[in-house]
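Structures for review follow.
Across the two complexes that follow, subunit A remains constant while its partner is subunit B and subsequently subunit C.
And then the complex of A and B:
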């Protein structure tokens, strides 16, 4: 008898079941999609306003080798990368991570622990939030529009690397989220999970170049090397915007660091997840 | 062959001792008092293949905790257990494919989807061959007569129907060991009866080893020959239902029908009077004194009819539970298990 399930098939069934559920409540689905898309579009308006005041962001840096500044459409490419990564994280993991805290509180995690399948896989992916995919469409649309305005056509290699590092970014964001969710085993309840995740990942939403000076540099170092959220969007966005030929040392070291950060984040969050299961008390009968 | 082997299994929890009131809650922010709750205290138990064993005990006795330990959902404080040769809390896939846990108080089916969708997910997770899956599903749905409900969202099913679906979900992968934690809780008499009959039939047909906890004596009487009574986290009895009555039901219920319609005033001398509605009297008489008491009664009073019965099982068990609690209290373990479910 085969002892391992086909993870891909299980994932497809999760996605299918979630879609069936979402379609049952189509009004809710529509409102969810529209409200998150309009939030994104309002944000976009905010950045259009910012660029009415300045032509470029991050032109002056105190750490010369990264020196790069972002024009309006370059920044919009950055923004679209943020949208793509966040919408993927929200579609795949957000609902599951907040559900995890609830499963612990109500003792329903029991059922996940009974199944002959990797518990972290099951917990992380069992619900797919299709409504969040709307933002992915906005992100892709915005990227295409910005590329046209800039008159750039990315090469296949650029797109390939972009996708690879988007995947790394998603993995880092997921690790952070599941690690935060795992703490609810010890806290019994962790309802501020989403808030906390939002506060931290907020630092991934802007180009690294803006973090300089006595306040910016410590922030940048902390959110690069301790909690590596700053490489999440910055690294893939660069592959789309700048030519592939490395121009500075950091063009090589930063992507290498992003790969390392992804591996370390995934490993560390898995360790934390496994540890947290040892403390599970299975509330109620 | 022993399927379940438990040796000195112990589970203790540290719980935050919260005093009543706001002031105490504020104080609890800074200084917390904890105490240990011993949910399971050194249990030893062996269950052979194909046995159907009932766990009885008051709330908080450690029944559910024991099932959770055997399912590998929680880790023990000390002691060992093996089910089908596996240590449950290692949660190996090889073990998880071979048993199932059904909990009457928790549901695992997708609330907004038809049960059929959840079943398909189980097929994928347990990797059941399509033919076998369809055969098992059809067999179970017709045995429990819920076939026509398969495509209805679970939230629209009645409690009884939902419980049947939960059972099917748990049995799709043909487990060799089945843990049932109060599978009939909250169900009406008919639904209870149906589930009992199904379990009886299924268990006999498949010969799967089953451990059941229930508060309904009818479940136990209908299903199990072997009964384990747990109280204060310890096993205080392990044997047949009849033995419980023999051992703990120290008195018999004697019903007397007086032929002259009058109830004599000196009945207290013969035993404890339960009810007296002329011409009928019910009384409790010590088991070993029944014959002597009856012959004395017949000698002194005109009796038309006499019957002697065992007291109802519920009463005997309730008596056992309260005795066990007394013993527990005297041994200074009043906290044992009180706060932990099941």
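And then the complex of A and C:
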């Protein structure tokens, strides 16, 4: 007899159950998909407006080591990478993480702890939010459109590296989210989880080159090396946009650092999660 | 008359005390709310430095009449506008009351729902300003360089105060009217989301609506959302002046009156449709 469950099969069951649940309320599913897509399209509209007034982001001359300027379609490729990563995080983890603080508050975490499966796995992936995949489609569509407009065909190696670092980005975002959720065990309730999440990941939404100067450089270093949200989108996006020829030192060190950051984030958040479980005291009953 | 005043006074006092329970959390979250502006500061700096390198000049590049510091000042000022006009949970709260039947309490008790909610909001807002004043002052002090013109003239400040006050009233009655939709539809969360989206985009919270080209700009100027964020900020920055300013204030006033009436009518019609069951 097997002593541990097949995680893949459990995951597929979660995904299927969520899909069944979503399809029970099809109208609601459609509205959810459309409303999150319209949010994205409005954002896109903002950047279209911005690029009517400037040909690119940042002056080429004074960036030094990080010299790279983002034209309209290069920035749209960046934006599509943000969309892809965020929609994956939302589809897989977002709802589960916010559910987690609710489990703690109501004491329902007991049931998760009793199940013969890794608790972090269970509470992280229980519910798949299929409606958020609409944004993934927008992201892929935008990327394809931008590549056509740039007249640029990435090689298979570039796409492979892109996907690898998108996965790293998702893992870093997940680690941050689960670490934030774990703090709700100590705080009892964590209503501002979403807010906090939004404020931190806000720094991943723009190319890191824009953070520059006496305030910008410390910010860039902090959100790269202490809380690594800036490598989440920046690293994969670069692989898609530029030829695979390293031009600066950071072209090599940054991806290497992204891999390291992924491993450290996953380990640290796992540790934090396990530690927080030790402090769980159930509720009522 | 006296009994009535004392009722309202009690409602106001209870709401004030309720709000003060979480004041620490509150001041911190206010400060956090400025974080997205940091990214905006850098984004616009990147935009302006690129625009400048295209047409090198003396650094006086302007986009739709806004210099770099105007953009940052604008975003900071919309934070103040939103502090007045945003009504978190108002429309959804009304809808929930209707759906769950708790709206009954306003129907059977001698209390007018809209007045009660208004007082409740006023209490929350007053406490909000008292607690948020320090973080706001800190941020504006740190960002004082983005306001090279300093304080505007007294009459502009007066107009600004009027615009903010009306932004509060407009925000309240507009959202309350939207909340009344709950009498006709049971599930409104997605409708509210779409309204929120439009409001974010068209009120000028996301960017100054001067950036919208041609017919889009004209359309957005026709609807009342701009008075929630854009208009007060534009008044402070001197983007609307003279007769235009006076006309703007009157139009804003007109919208306030319109939505006071609309919310009353919607409530009266809604109550006629409403049926309450159980105890």
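Miscellaneous remarks
The working rule: the second predicted complex is superposed on the first by the 281 of 285 C-alpha atoms of A that agree within 3 Å, B and C clash if a C-alpha of one lies under 4 Å from a C-alpha of the other, contacts with A are read in each partner's own complex, and residues count from 1 in each chain.
Convention: a residue touches a chain if its C-beta (ideal position, glycine included) is under 8 Å from a C-beta of that chain, and two chains touch if they have at least 3 such contacts.
This structure is a prediction, so every number in the text was calculated from the model and none was measured.
On the superposed subunit A, the positions of subunit B and subunit C stay apart, so the two partners fit side by side. In the overlay built on the shared chain, the residue A:225 is in contact with neither subunit B nor subunit C.
Look at A:271: by the touch rule set out above, it reaches neither subunit B nor subunit C. The superposition of the two structures on chain A yields an angle of 90 degrees at the Cα centre of subunit A, opening toward subunit B and subunit C, reported in steps of 10.
Look at A:186: by the touch rule set out above, it reaches neither subunit B nor subunit C. By the touch criterion defined above, A:4 lies against subunit B but remains apart from subunit C after alignment on the C-alpha atoms of chain A. Judged by the touch definition given at the top, the superposed model places A:52 against subunit C, while subunit B stays out of reach.
In the superposed model, A:24 makes contact with subunit B only, not with subunit C. Between subunit B and subunit C the least C-alpha distance in the superposed model amounts to 6 Å.
Listed in rising order, the residues of subunit C touching subunit A in the complex are 25, 29, 32, 35-36, 38-39, 42-43, 45-54, 63-64, 187, 190, 193-194, 197, 200-201, 206-207, 211-213.
Within the complex formed with subunit C, the subunit A residues making contact are 28, 31-32, 35, 38-39, 42, 45-46, 49-50, 52-62, 69, 192, 195-196, 199, 202-203, 205-206, 209-213, 216, 219. Interface residues of subunit A facing subunit B in the complex, by the touch rule stated above, are 1-6, 9-10, 13-14, 17, 20-21, 24-25, 106-111, 113-117, 119, 122, 278, 280-285.
Of all the residues in subunit B, the ones that touch subunit A in their complex are 13, 64, 68, 71-75, 91, 93-94, 96-97, 100-101, 103, 105-106, 108, 110, 112-113, 117-118, 120-121, 124-127, 153, 181-182, 341-342.
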